[in-house]
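Once you scroll down, you'll see the structures, which are given as structure tokens.
Shared chain: chain A. Partners: chain B in the first complex, chain C in the second.
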Partner chain A sequence: MKNILTIARREFHAYFGSPVAYIAIAVYLVLLGVTFFFKIPFLLPKDGFFEAKEATLRPMFEWSIFLFTIFLPAISMRLLAEERKMGTLEILLTLPVTDTEVVLGKWLGAVGFLAVAVALTLAYPILVVALGKPDVGPLVGGYFGVLLVGASYLAVGLLASSWTNSQITAFIAAIVICSFFTFVDRVPEALGIHAVEAFQVMSFNHHFRSIARGVIDTRDLVFFASVILGAITLAGHSLESRKWR
Partner chain B sequence: MTTKTKSGRSARTNAILTTASVLGILVLLNVIGLWVFGRLDLTDNRRYTLSEVSREAVRALDSVDVQVFVSPDLPPTMAVGYGQERDIRGVDREFLDKLEEYASYSGGAMRITRVTEDVEEKARQARLELFTGREAAVEGGRLEFRKYAIGATFQYRNQMEVFPLAVEPAYFEFEITKILLRLKEKYAKSLGMKDLLDAGKAVAEAVEACDKKVEGYGKPGASGLSAIVGGGDRAGALRRDRAEFKKTCDQVAAALAKADSFKGKNEYLDQLISSAGQYAGLVDEVGRRLDDPQSRDADIGAVLERLTATGDLVSRDHDTLKNSPGRRAVGFLCGHDEFCPFPDPQPLIRPEIAGLLGQRNPLVQQFVGQARQIEDQINQVNEQIRRGLFVRRGFTVKRIGPGEDIPDDVAVLVVHGPQKALTDRDLYNLDQFLLSGRSLIVFLKNWDVAVYNIRKGGEGLDFSDLQFDDLHRQATAANLDDFLAHYGVKANRDLVLEPRSFEPITILQVQKQGQFTLQSQRDFPYPLLPTFTDLDTSHVLVRRLASVTLPYVSTLQVTDAARANPGIEATELIRSSDSAVATADTLELSPPRLLQQLGLMQPNGPHPVAVVLKGAFKSYFEGKEVPKRPEPSDKDDERFPKPKPVDRPFRAEGSGRILVVGSDLGLENLSPRRVFEGFEMSQLTSGTADFFLKLKDYVANFQNWQLRLTQVSPILQANLDFLFNCLDWGVQDEALVDIRSKGLVRRPLETVSAGAQTALSLALIVGVPALFVLGGVARFVSRRKRS
Partner chain C sequence: MIEVEKLTKDYGPIRALDGVSFEVRKGEIVGFLGPNGAGKTTCMKIITGFLSATSGTARIGGQDVVEHGVEVRRRVGYLPENAPLYPDMTTREYLSFVGALRGIPPDALPDRVRHVAETVGVADRLEQEIGTLSKGYRQRVGLAQAMIHDPEILILDEPTSGLDPNQIVEIRALIREIGRDRTVILSTHNLPEVTATCNRLIIIHRGRIAADGTPDQIQAVHGGGNAYLVEVLPAKDIRPEDVFRGLQYVEKVAALDRPDTDALAFRVEARGEADVRADLFQACARGGLTLVGLRRDRADLETIFQRITLQ
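Coming up: the complex of A and B.
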């Protein structure tokens, strides 16, 4: 556990040691603000926060999930791919740490970064509480759901990063996988076929919606835990595979 | 080398096996999780958790069989009218989850089975409401849209209730608990009505047997051209099977003879006897036509079709009778320009007179044709409101005409925004109703506010020359003030404006561009649609609500006498804020000007705008002469017989409940008589064409009703839910009010000025990221300095 935390801390500081993290988070916050407050015909057809006059953060959470499909793969692409390209991965693995500890530590460091980005949106609930009487359940559930989805994206991004030396390839692979699992519940509709439960069960969005209502359901927790554990296990497996190649 | 390869292979195999095992376990956990799960409901009002009332309702039944009908390939959305669609993804899962939750509290008494084959057909037979999808297929030479089912039937002993369409998860608990409570009550009450129900059942079964016999002769339309000319094949089959037909269908008359002994004891059985009587008459007619050698097959076919249609009517009436035990009705007072969700029982122009006049004057004929069209449309809208809003939600609603006695099964009477004075007899009926221990609900409409209504007059009958009327308000002629004050509620003739929390008004805008007239809608902030958040949450009616928006609301006051009376419990249910303004002065009704005017007014809140009184009241008519019943009018339509008046002793005092709300919730009267205001039959015979020129005014009246409804459309759904809550409270189902409220909490924002909105948006969009980046820059600089 100590090793995991050490790697996580190193990874977390690495993010904030360069301007990239600040720029990425600032862009995320600006885009989130625009989508939350404004109604733009064709692009953002739903009413903005002040027009809808509803004391809820539901739209902000939904936009967060959407933005995360691009934003988090961009953060996670470097986790292993960069180390592999620079040759520092081998050095890291010669240290007395297991592959699993490396993978878990890197993922935790990225989750720390995610937590900072999400924490910077806390001004929104303050605004909502100041102007109305929101239901606290969906607010807590929404934040919890956003963190779970984000952590899952990061795990998927880590997995993609473990497959290749190229950050761009890892980035694209992570976007494709995250987008698929996020919007898979809409696939039947887009293809003109009817909803099949399996599509919903696989969808990040479906499970997120359930939590964002303010209901913590073990089925949703098991789903996200499975995605994270599954992706981390596969990433560990991918690292380990260098031993027999 | 070989050893290394072997160990590499072994490590690889181990790694693959471990990874596969972990993934397999994760998949398995997810699959198991579908059946074994737990939930933590974090919502304020435990919206997604079964309430104690629901748990008790299911525990109170020793055996319930639930049959669930869910189409296996539900579409992702369903049409909800006016081009809008509702997302129903995952609704089936939520519905099944909810039922499972009930079953888990039933101690094994609730059994759930899912219908898996021919779901839609079986659902139709079980009287579920199917909805139409977007997918169409050609069936029998016609393009048919696919229908889908999602609902359930609940069977308790010999009683059944149906959840016809389960697509709103927020109301699942309310609907299911309502069904469970109703099943228990229905069963208990039906025991005391057994003979009567058996008689009705015998009649319905006889009709059903006859119907089946007739169906055996072929379906209309099934035999090609012969069906078009009158069902010759059916008649031929009937002629060959005549003896059997007679033997089977004569049972209807026999069953009717037995049921006749119960006539007058139950209005629903009377209705069934009446429709079955029509059916028996048609059976006789078939017999006579068969006896008549001159009778054509086409004529017999036509009678058979009427027979089948009447059979459907009998079946519906029997359903109503079966469902009647313990049912408590909601009465709506009508005839004073109040919201009255019923078709008008009296036609505006009697058909026989219209026919006579039309023969003489083609202009009258044209007028009558168009007037009837409008009248039919109005009646259809009212019928849709009655069925769609009330019957579908399980309320039995009754129209109480002016001066009419209120039937015993009416548990709650609604007086919804009368604009004309009630007669003394009406007030007497209300008074005696209240003192009999029942609930009276009064929604006031003290002001008729017209904002951008369509101007009357003009020449053409189309609306290409649409112009808006001056904005105005006028006091209505309602006369409930003294009556309500007698019990303890003083209604003030003012209007409330909330400066900080209100809903927008939706205004129709018309722009002329060349030959084209473009119509669009735009929302404007409007403080005359105030939102109130000061609710007495100790009262079940608003316990779970966060706010209520009441359009054009007047203030109320609990009188000193009522406050001082220990026998009366008065609750100020909804109050305005401290910064509210209540005024009887002239108001600028144009949205921007009203806001300006409001800025100059002195706040004088808080004011109560909804009040509940409960306790022992004295009669308003104590010491006064009892007003006489109105004489039967020769205009009364014999198709709609009125209940026979029964003289009851005068009640000088009694206990009851009265709810007064200072607004009509945005629900306005729509009736042919109001739309055709000022029209008299004598105008048709006056020799002038004035009546025809007025036609456009009548159309404008109808359009204005729609316009006003649109203006308050953003708040209408919430207000309807509030109305349903009031009705449930009125029929003493307070537990249900509590559950329903869970699904309808609106959480409005305080109104913020445009400048403040911009400032707040910029602070969050630019300010927070900028601060964060500046923090990062500062960190870099300090680190550089240190290094």
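Coming up: the complex of A and C.
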């Protein structure tokens, strides 16, 4: 556990040592603010926050998840790919730490970064509370859901980063996987298929909505937990497989 | 301390190691020598558990490096080739990070970091980002990282590459010092380095061990046998050849042409490996010969290395 935290702390500091992190967070916050004023076709067909005159943050959360499919792969791409490329992995993995501790630590460091980015969006709910009286359930559920989705994306991104020593490849692979499993619940609608259930169970969006309603359903928690643990485990295996190449 | 048995490593179609076996005892400083691509780095990566062998085993202190990875790695300090370090961290941050993962308690860590930094001469660069350090300084930080937990075993892949001559002398002295009660394996392309630091030499060529032993043993085995160049003054009625041939350990005597001196020169080959110089000296005295020159005739390491690796 101590090792995991040591590694996580290093990753976390590494993010804030580079201007990229600050730029990414700034872009994310600005784009998120946009939902307060505009509607976004397809994704958020409803009116923007002020037009709808509803005291809810639903549009912001959904937009946030969409942004995450690009923003978080950019954050996670370096986690292992960079170390492989620079050769620093060789020192890290010949320290008395397990591969599992390495991948967990890296993921946790990235989640710390995510938590900072999400915490900075708290300015928006304060605005909502000032303007109306929102339900606390959906607000807390929404934030919880956003963090869960983000943590899952980061796990997927970590996995993609373990496959290659090219950050750009890891970035694209993570975007593809994350957006597929996020928007797959739209497939039946778009194609006019009826097997809605099957598509919904594997969609991040679907499980997010369920949590964002403010009710915690174990099925949703199990979904996120298995994505996170599954991706991290696979990333560990893929690190291990370096030995045999 | 380190036992390596029939290690073979294939990278796809490339066979990098081909049945390498050796043992290293506690207190030995072993130098890996070999041309580029010989397999030195590959061998070190397997011993440290970064890579797995295609077949064969490596054990440290009796424990298999694959099965007991974490325990084995605790006892080993490793400096990979080119000292790959995190460029965005300062020297202090980096050494503290490695030290923490090495299990050094937080309250002992600052002192330990300062101590190793002083040992390798980077104490004045503790607050500098590693990415902005010169190559030699990065190499030193890499060494410091490998020694931070005072390991029983040090594995150093080209530890002196990129260092200035003064620093090379210091690091060699440091390695000799460490090697007194610990075990060191290092690789190098620098032959004088081997004789200056190592008490044993393993020459690797095309994934196999081509020679293994102390520099002396290797010179004896690969350096043209146990031969001596003897120079004596001419003496009336005495044929030096007969004096030498009369010795039971002498195998062959050949007269050499030496127009530049008055002395007579001979190349005397002895059986076995024992140094017979003292004996030759006394034999000359007994036989009434005036000895004016006596030295071993054998190829130096450089020549031996070339002979082995150019085949």
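We take it that the second predicted complex is superposed on the first by the 234 of 245 C-alpha atoms of A that agree within 3 Å, B and C clash if a C-alpha of one lies under 4 Å from a C-alpha of the other, contacts with A are read in each partner's own complex, and residues count from 1 in each chain.
Definition applied: a residue touches a chain if its C-beta (ideal position, glycine included) is under 8 Å from a C-beta of that chain, and two chains touch if they have at least 3 such contacts.
All values reported here derive from a predicted model rather than from experimental measurement.
Applying the stated contact rule after C-alpha superposition, one finds that A:L234 touches chain B and leaves chain C untouched. In the superposed model, B is the one of chain B and chain C that contacts more residues of chain A. By the touch criterion defined above, A:I91 reaches chain C but does not reach chain B. In the superposed model, A:A24 lies in contact with neither chain B nor chain C. In the superposed pair of complexes, A:L147 makes contact with neither chain B nor chain C. Applying the stated contact rule after C-alpha superposition, one finds that A:L67 touches neither chain B nor chain C. Once the two complexes are overlaid on the shared chain, A:H206 sits against chain B while remaining clear of chain C. When the two structures are aligned on the shared chain, A:I172 is found in touch with neither chain B nor chain C.
Contacts of chain A with chain B, set against its contacts with chain C after fitting on chain A, overlap at residues 243-244.
On the side of chain C, the complex with chain A involves touching residues 11-12, 45, 48-52, 69-71, 73-74, 76, 78, 80, 82, 84-89, 93, 97-98, 100-103, 145.
In the complex of the two chains, the chain A residues touching chain B come out as 16, 19, 21-23, 25-27, 29-30, 33-34, 36-38, 49-51, 53-56, 120, 123-124, 127-128, 131-138, 140-141, 185-186, 188-189, 194-195, 197, 200-201, 206, 209, 213-219, 222-223, 226, 229-230, 233-234, 236-237, 240-241, 243-244.
Within the complex formed with chain A, the chain B residues making contact are 8-9, 11-12, 15-16, 18-19, 22-23, 26-27, 29-30, 33-34, 37-45, 47-48, 73-77, 89-90, 93, 503, 523, 533, 546, 745-752, 757, 760-761, 763-766, 768-770, 772-773, 776, 779-780. For chain A in complex with chain C, the residues that touch the partner chain are 2-3, 6-7, 10, 13-14, 17-18, 86-88, 90-91, 93-98, 242-245.
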